[in-house]
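Below: the structure, in structure tokens.
Naming follows writing order (A, B, C, D, E and F), and every chain is counted from residue 1.
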Amino acid sequence: MNADLLQALQANLLSPALLFFVLGIVATLARSDLKFPEPLYITLTIYLLTAIGLKGGAALADAGFARVWLPTLAGIGLGIVIPLWTYAALRYVGRLPAVDAAAICAHYGSVSAVTFIAATNFLRQIGQPFEDYATAFLAVMESPAIVVGVLLGKFALRQSGDAAPLGGVIRSALHEAVFGRSVVLLVGALIIGVLAGKRGLEATAGFFVTPFQGVLALFLLEMGMVAARRFADLKKVGAFLVVFGIVAPVINGVGGVLLGDAVGLSPGGAMLFGTLAASASYIAAPAAMRLALPEANPTYYLTAALGITFPFNITFGLPLYLAVAQWAA
Amino acid sequence: MNADLLQALQANLLSPALLFFVLGIVATLARSDLKFPEPLYITLTIYLLTAIGLKGGAALADAGFARVWLPTLAGIGLGIVIPLWTYAALRYVGRLPAVDAAAICAHYGSVSAVTFIAATNFLRQIGQPFEDYATAFLAVMESPAIVVGVLLGKFALRQSGDAAPLGGVIRSALHEAVFGRSVVLLVGALIIGVLAGKRGLEATAGFFVTPFQGVLALFLLEMGMVAARRFADLKKVGAFLVVFGIVAPVINGVGGVLLGDAVGLSPGGAMLFGTLAASASYIAAPAAMRLALPEANPTYYLTAALGITFPFNITFGLPLYLAVAQWAA
Amino acid sequence: MNADLLQALQANLLSPALLFFVLGIVATLARSDLKFPEPLYITLTIYLLTAIGLKGGAALADAGFARVWLPTLAGIGLGIVIPLWTYAALRYVGRLPAVDAAAICAHYGSVSAVTFIAATNFLRQIGQPFEDYATAFLAVMESPAIVVGVLLGKFALRQSGDAAPLGGVIRSALHEAVFGRSVVLLVGALIIGVLAGKRGLEATAGFFVTPFQGVLALFLLEMGMVAARRFADLKKVGAFLVVFGIVAPVINGVGGVLLGDAVGLSPGGAMLFGTLAASASYIAAPAAMRLALPEANPTYYLTAALGITFPFNITFGLPLYLAVAQWAA
Amino acid sequence: MNSHPMTLVTIVCEKLAREAVTRLLRDVGAHGWTLWEVEGSGAQGVRSGDIPEFTNIRVEVIVPPAVAGTLLARLEKEFFKRYAMIAYESEIRVIRREKF
Amino acid sequence: MNSHPMTLVTIVCEKLAREAVTRLLRDVGAHGWTLWEVEGSGAQGVRSGDIPEFTNIRVEVIVPPAVAGTLLARLEKEFFKRYAMIAYESEIRVIRREKF
Amino acid sequence: MNSHPMTLVTIVCEKLAREAVTRLLRDVGAHGWTLWEVEGSGAQGVRSGDIPEFTNIRVEVIVPPAVAGTLLARLEKEFFKRYAMIAYESEIRVIRREKF
């Protein structure tokens, strides 16, 4: 397994996607004037989410719901359990203010679509089969943790005397969690994939499938720049959060892999399941937190999710979760 | 025919393109924060217009002008007749102010490139052959109605005492009709397609052909959002315009199909011809109207063209026009 | 050879890429409202640079450095010699102010990636083989001339009494020359291509290879508009610079072809080498000049590089340099 | 032609505060607003404008002087400590007083 | 260094009025302008900024006070009822008076 | 709520001068800035905003009046003849005086 792990690590680190990620980091650290315009970032996001949604939906229609409901439930369970244990760790071990702990735990309980996509890319590259309908897990795991995090944060604010009406805030956080752009795109494309099926996917494959891996590489160039810009804030967030940003995904990832294995996924599928558990949201969760918990300091959660966990996961995490999945199988 | 119509309707409504259109509507009605940045919208427009222009031009070079001149003339004729009858209907049945009737009739006499593209997409999907050079009809039918509409509007304003010099306005409307960005892109790409021929198209097919259907699907997602945003104005425009927005395309569409059949087009070609007649411009015409007839209320023509006729055409209109074409053949 | 030249010229002028360039010129001269949004321009630039970088890098890994070092050195040599002779010509024949001569010579000594890409496109189209690793020459030839030009300009300013500290300016010009966005993208992608090799390229070919020629065509549409907008300034820059904008690339191009031939490149490779020598930078060089030599008048160098030399090179220059390369071989 | 004094309130803040800010504008009775995306640098670091999480918006609203006072007061009380934000007012002159 | 009073006229209007507005600026003798795209909300609804038909532009022009008067008067007379538009003036100080 | 007078300096210049300008702002002691891309027309022609070489930026910085004086003086001395650029100052009122 050790030799396999090393080989997988190398395959991952030398893939164009990862190398572009590193280029983005280097460009930022070297103070290059390279910058993606925001419309390009948004376009790439829209593309990646609809593309995996479509593919996942077509696979879902193929597999049938009978094979999907159990891991889906397990995914939702993870989305509730992860924010709870990480909240406790951040609050009582890390001694972070309650509202910050709540905001951060929402990020780690929710998921990062790009990390998931990088994982499928990695599996495809090394020829490891996986359940294509895993995108459905991604879709259901985005929101529950956000709701849990907002509830935790609001209760904490209550106790500290801020008596803002809870109902409205919960409602708008729920709305963001269900109709935020990333969820709408992903779930929408998933349903379209189910309805249009394989034939529909084939008709649009020249756009949604053929260029996919290259688009991901380009997107990771941008993500490298975004992540590297957070490095300057590493000092501000303190040593605990830096350690947390690596230990939490490892725990969640390994736990997720084992759970995925237990609910009957293949090694590739269990690895994706673990990757989802390990990943920290940096699109849906920050938007929801600024809306529902503006009192939480965004430097904490953005730096942890974008500056530490995301780079860790897509470099070392992916091969690690695969190794665990292969060992568990 | 009835069973065919139902089947065609289903094929259309379950195509990825249409489903993305519906997703756009749902996202907007659900108040999602999903939004395409304007540069993406413009990029998609540029792409779609150049791509169909190129393909149409290559087909035109192949077919030779001998087979194209008659339907082209017929198309120009429609571009003059449609605004005249719709003006009369809007003015004397709908009792709309003259300048608004003029602006609206220009939209219905002109054409919508996206509706046309959705129609070719639909035909391709159900395996119905059609003349690829039909793009040439799209190109010639964009401008005549705009000129007719501006003339009608200006005469109306004259009679109501606004003695603005006519020459300058007509000239700038003509300029917009001939050198507006959509016409330049479409006609330019058409000529490039003729000059570069099949070989040129093949060299660039990896960009202009392969991803085309997927790009269209993404674009219709945006168009769904744009259309749905007009729904709020349906009340403002009144019942007559709502009915007009469905009845006019049906009349124009059926008439267009029959004319297309009469000038020798195949059922697929006649259906495209009818679709052009039925479609209402929402790019070139609004721009020309704001320039040449700013007195007309844009809520009327934008809501009718974008909020009613466009959604009607791409959902129910397309299968209907095809059924008529097959029945007429 | 003459017949070949004509045929090559025709193949070039009737390629979709060139025809789109002409369309861009026509649209601008006809005062169309067609315009690319800046994010689209930047996106196309990023795409083109990373795509040729990747392909070049994979070819480089294949060829081995042994075959590349000599032409690379020759390329750097050209990047030093060209600004020196053109500076002399501009200063003493053209009687331009020293600082303007310095800025212009930096542009002509540096290279235009788009011209290079158009050249590879042209060779591919007519079936002329070439060394794919030629992208490496493009990468090394971007910066040296910029440094030479800045030094020439600074010495001139010194003599005219402007005693600004030299160190800082040279350092920031060097930084721009090495970490400017075009260099970072190109060199970065080149290294990624070397590391990921052919397998990595294949994985992303659906994005970086398949649509490449079509994207180039679209980009040249924009470049036609950009170039045509400079035409209005042709009068301002004077007859000498107009002549220079055509004679200099011919001299540099022919010299470059012969040097490329001498260092062992194939006719296709020598033609690319000559094209690089002939081309004038309009991305990296203007940025560096505004930073390091803001005293120089940008109308001069932008009009010469974009309004004269770029259109000349991609229309008549490319077939000419190929004819010379075939004659020299 | 007579022009009338009116107050222009300008807000520069992180994009993620957009909904909260436009809701506040409605609340205080503004009849309209104008908004676009900007980059910025301030006490809370550089906001680079390349991804929505790190973009600013700049909101402008024309209101009668009294409304401007209310608006700024509420911004100070409810927004300044929660969001990366600045706000300021300036005097302008408009033609159609009744519009604002 | 002396700075001189000058008038800044700001126009926010639908993008499709762009040509008409810049032509007017030329007509009244402005030496330049600055322009960008914005979203907006006003009496004529929300302008969402995602397609050219529903985008606004914001145009700024620095002119001597007298020219500002002419400009605003013509905007009121010829533009206000035709286009979704607001316009206002404010006092600024520039260095190079002769430039404007 | 008290608002305090402060000076807003606005610079419109070619995008390629961006680094030089933001460095100057740091030099004169500004605590922040806001910046976005614009199109423009002026003495040095039309800047069409479609490629970085022909785009303008608009930079806004809020500073105490004295700093505004220094800033404008340095712009006049070091920047005006080198770059396509205009700059002007205007009076605004802010809430948190100490922030600027």
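Some notes on this structure:
Everything that follows uses one rule, which is that a contact is a pair of C-beta atoms (placed from the backbone, for glycine too) under 8 Å apart; a residue touches a chain by one contact, two chains touch by 3 or more.
Keep in mind that what you see is a predicted model, and the values were worked out from it rather than measured.
Among the remaining chains, not one touches chain C and also chain F. Traced through touching neighbours, the fewest hops from chain C to chain E number 2. In a homomeric contact, the two copies may use the same or different surfaces; for chain D and chain E, under half of the interface residue numbers are shared, pointing to different surfaces. When the C-beta contacts at B-C and at A-D are tallied, the pair with the greater total is B-C.
Annotation: 19 Å between the Cα-based centres of chain E and chain F. The geometric centre of chain B is 34 Å away from that of chain E, both derived from CA atoms. Between the Cα centres of chain A and chain B there is a gap of 41 Å. With touch defined as above, residues shared between interfaces to two or more other chains in chain F number as follows: 19, 36-37, 49, 90-91.
Within chain C, contacts with two or more other chains are made by residues 33, 35-39, 42-43, 210-211, 287. Here the touching chains pair up as A-B, A-C, A-D, B-C, B-E, C-F, D-E, D-F, E-F. Residues 35-38, 41-42, 222, 225-226, 229, 233, 282-283, 286-287, 290-291, 294-295, 298, 302 of chain A are the ones that touch chain D when the two sit in their complex. Within the complex formed with chain B, the residues of chain A that make contact are 37-39, 42-43, 46-47, 50, 54, 175-176, 179-181, 184-185, 188-189, 191-192, 195-196, 200-201, 203-208, 210-211, 287. By the touch criterion given at the top, residues 14, 16-17, 19-20, 37, 45, 48-55, 82-83 of chain D touch chain A in their complex.
Only residues 1, 3, 6, 8, 22, 31-36, 62, 90-96, 99 of chain F touch chain D when the two sit together in their complex. By the touch criterion given at the top, residues 14-16, 19-20, 23, 26-27, 30-40, 43, 125, 209-215, 217-218, 221 of chain B touch chain A in their complex.
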